[in-house]
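Below you'll find a set of structures to go through.
Note that chain A is present in both complexes that follow, paired respectively with chain B and with chain C.
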Partner chain A sequence: MSLAALLVLADGRFPAGGHAHSGGAEAACKAGRIHDAATLEDFCRGRLHTAGLTAAGLAAAAALGLDPAGLDAAADARTPSPALRTAGRRLGRQLLRAARATWPSPELDALAAAFPRGAHQPVVLGLTARSAGLGPDGAAQVAAYESVGGPATATVRLLGLDPFEASGVLARLAPDLDAVAARAVAAALRARTDGTDALPAASSPLLEIAAEVHADWPVRLFAS
Partner chain B sequence: MHLDHGVTYPHRHTHGAAPVRADGTRRALRIGLGGPVGSGKTATVAALCRALRTELSMAVVTNDIYTREDAEFLLREAVLPPERITAVETGACPHTAIRDDISANLEAVEELEESVGPLDLILIESGGDNLTATFSRGLVDAQVFVIDVAGGDDIPRKGGPGVTTADLLVVNKTDLAPYVGSDLDRMARDAAEQRGELPVAFQSLRGADGVAPVAEWVRERIAAWIVR
Partner chain C sequence: MTGAAPAPAPAAGLRATARIRAAADGRGGTALPLLAGEGPLALRRTRATRPEAGVVLVGAMSAPLGGDHLTVEAVAGPGAHLALGSAAATLALPGRGGEPARYDVSLTLEEGASVRWLPEPLVSVRGSDLRVRTRVRLAPTARLLLREEQVLGRSGEAPGLLRSRLGVTRDGRPLLDQELACGPGAPGGWDGPAGLAGHRALGQLLVVDPAFAGAPPAAAVLGEFAAVTPLAGPAVLVTALAPDALRLRELLDSARATYGW
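Right, the complex of A and B next:
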């Protein structure tokens, strides 16, 4: 695995559309559930062990070469909120555009042809990692990191939270991030023989419900 | 083995700046409009739509900062049918969406071309931003920077990427100049000094056909795009 390729893919400046999404942080800030660094950390830990773990499992499985269509259906089944399904596919399409320009591969072209309206972002992420020469562990690490990096950046913008404190939150979550990525890879390896049911399906009902409410706001800073 | 690259890796279809669409047809000319909050970007877009919609097949993408107000203004004014106007959400960073990460805007322009058929021109309006905001060349073919006389007649002198490098600088609301003490001659001199040969248009949208100079500039761009 190329560590440098991992850094390019995980960089928040990688132009794949993530900057316009808060990962539920905007709704949580408005509801008062995030109001400082400590509550941001609680939120991120919860998101990491639910949506983050699920995304990391899907990404790791895609990086291992499991059928993308089956994984996309598995992602749908793990995403009850229609607003989050739409956001996930939109982000998947945006990532695919960046990935095809950055690490061109026949697999990415085939994915674009099979999903003209976009596949779920974690599935695209896994195939992107594969095209970049990364393995399932790299794909899972990026998915896990994205699940908390997005909300942390968004909270800096939403609350004026001290950016050093936000980075401290992410640093303190590092052991959790590694553990979640390891669980995701182990599940993805099982899914090769046991099918996609072996992949994590942890959900956070509050994230799903808040995403539906957020999608109806007339005034908001973030797309999700 | 590089012989097969054209078939195996269709690079150009994934890049925003390529002049052809995935099916080989020529895509629409894309013009970006940027500038500070309240300088008259949306009003200029609306006036351009009214001036050009009978001769060109047009669509508009707005990048509202936190609402859908710009898109809704254009819809309310009925400058184009609703299916030709779409809004992109920018996550509190309008300059990111037009420069550093253009993926959402590229999605929007391609969806417009797919859904309403062949287009000649797509106007991409930035959210109101600061003087350093410019469009990526991967997103637009030409960019217009809109400032107004009420924002201070020293803005052309201050320069910045928008004022100095935009393909067209528009100085809007010239009718207000006497009321806010802005010196139009000074603005013209300063702009010429910052921009060299690049054009500047002074406009007031209060009068009849106030957008005519900018519309004419767009027509010239379209003519150049078609023969390119």
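Right, the complex of A and C next:
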């Protein structure tokens, strides 16, 4: 695995549109559930072990070369909230544009042809990692990191939280991030023989509910 | 069975399976050619309104204890209509060996069948460790109404560890797949701002109906802690968090009146 390719893909400046999404942090800040570094950390840990683990499993499976259409259907089933399904496909479409320009490959072209309205972001992420020469572990690490990096960055903007504190939160999550990525890869390896049922389906009811509440707001800073 | 062991075997839990088969009787009703309870999973036929047959799970629900493995398997054959419920709440209790208990529910709905699976709440008692696995397989023309209610601890009590996965396929394709883990020993953040945020009851109401393919229900929020979400197939899921079981039931009952039958 190329560490440099991993850094390029995980870089917040990689033009994949993620900065427009808060990963549920905007709704949680407005409701007062995130109000400082400690509550941000608790939020990120909860999101990592639910939505983050599920995304990492899908990304790792895509990086292993499992059928993207099957993985996309598995992502739909793991995302009850239509607001989150829409956000996931929009992010997938934006990532695919950036990925095809950065690491062109026939697999990415085929994915774009099969999903003109966008495939779910973790599926695109896994195939992007594959095109960049990264394995399932790289794909899972990036997916897990994105599941907490987005909310941490958004909270700096939403609450004016000290960026040093936000970085400290992410650093303290490192052991959890590694553990989640390892679980995701193990599940993806099982999914090669047992199908997508073997992938994690960890979910957070509150994140799904809050995404629908957030989508109802007339004015918001972040798309999700 | 494990009951034949000569000495008390604390690690060996009880295994019991209840099996139900519903079949259209050809006269506009539903017959129950198979109704076989076992151990703590006793089955009773209830009065039901045609074309539905009614079955209720009864029994001294001192189960599942740690180490137990309970299974409910129901099949609704072509055109059969089954209402399945439970007489009382299920209490997940600690076992002597500290090993987890398992509760598996498998529902199979063939062409034109309908099933209403409306059990009473599952209460996760302090010190317990339960894994629930619910699998539903639907034919394309089948209809499903399913309710799940999970309560963390009896009144004022800390919960046990509860891991629950609900997987629904329709025509062999995944429609809903969700896994929840909460209580001591669950991955971090389960009770935090991206978890239950202090709520002690959570529930889901799932309605799958081919009629939704033409006119799916719109997404909606029911206050700050409940939402109606149309799925990527002809189905709608209502998800709710509540302070207690009573408030949860009120929310899900009103959703059922709107979307279910």
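Just so we're on the same page, the second predicted complex is superposed on the first by the 224 of 224 C-alpha atoms of A that agree within 3 Å, B and C clash if a C-alpha of one lies under 4 Å from a C-alpha of the other, contacts with A are read in each partner's own complex, and residues count from 1 in each chain.
Assume a residue touches a chain if its C-beta (ideal position, glycine included) is under 8 Å from a C-beta of that chain, and two chains touch if they have at least 3 such contacts.
All of these numbers come straight from a predicted model, not from anything done at the bench.
Novice: Using the overlay on chain A, decide if chain B and chain C clash or can fit next to each other.
Specialist: Here chain B and chain C can both sit on chain A without a clash.
Novice: Is A:15 touching anything from chain B or chain C once the two structures are fitted on A? First, second, both or neither.
Specialist: first
Novice: State whether A:125 touches chain B only (first), chain C only (second), both chains, or neither.
Specialist: Neither partner.
Novice: For A:93, using the defined touch cut-off, is the partner it touches chain B, chain C, both, or neither? Pick first, second, both or neither.
Specialist: first
Novice: Give one of first, second, both or neither to describe whether A:101 is in contact with chain B, with chain C, with both, or with none.
Specialist: In the superposition, A:101 contacts chain B only.
Novice: Considering only touches as defined above, state whether A:109 meets chain B (first), chain C (second), both or neither.
Specialist: After superposition on chain A, A:109 lies in contact with chain B alone.
Novice: Count the residues of chain A touched by chain B and by chain C, then name the partner with the higher count.
Specialist: C
Novice: For A:47, using the defined touch cut-off, is the partner it touches chain B, chain C, both, or neither? Pick first, second, both or neither.
Specialist: Touch partner of A:47: chain C, not chain B.
Novice: Given the touch rule stated above, what does A:62 touch, chain B (first), chain C (second), both, or neither?
Specialist: neither
Novice: Once the structures are superposed on A, label A:222 by its partner contacts, choosing first (chain B), second (chain C), both or neither.
Specialist: First partner only.
Novice: If you stack the two complexes on chain A, which partner ends up touching A:157: first (chain B), second (chain C), both, or neither?
Specialist: first
Novice: For the superposed three-chain arrangement, provide the angle chain B-chain A-chain C between C-alpha centres, rounded in steps of 10 degrees.
Specialist: 130
Novice: Nearest approach of chain B to chain C by C-alpha atoms in the superposition, in Å, rounded to an integer.
Specialist: Minimum C-alpha separation, chain B to chain C: 20 Å.
Novice: Show me the residue ranges of chain B that touch chain A in the complex, using the header's touch definition.
Specialist: Those in contact with chain A are residues 8-11, 14-15, 65-68, 88-93, 96-97, 100-104, 106-107.
Novice: Residue numbers of chain A touching chain C in their complex, please.
Specialist: Within the complex, chain A touches chain C at residues 24, 28, 31, 33-34, 39, 42-50, 53, 73-74, 76-83, 85, 176, 196-197, 200-209, 212-213, 215-216.
Novice: Spell out the part of chain A that touches chain B in their complex, as residue ranges.
Specialist: 13, 15-22, 90, 93-95, 97-98, 100-101, 104-106, 109, 154, 157-158, 218-223
Novice: Residue numbers of chain C touching chain A in their complex, please.
Specialist: Contact set of chain C toward chain A: 165, 167-168, 173-181, 187-190, 192-197, 202, 204, 219-221, 224-232, 237, 239-241.
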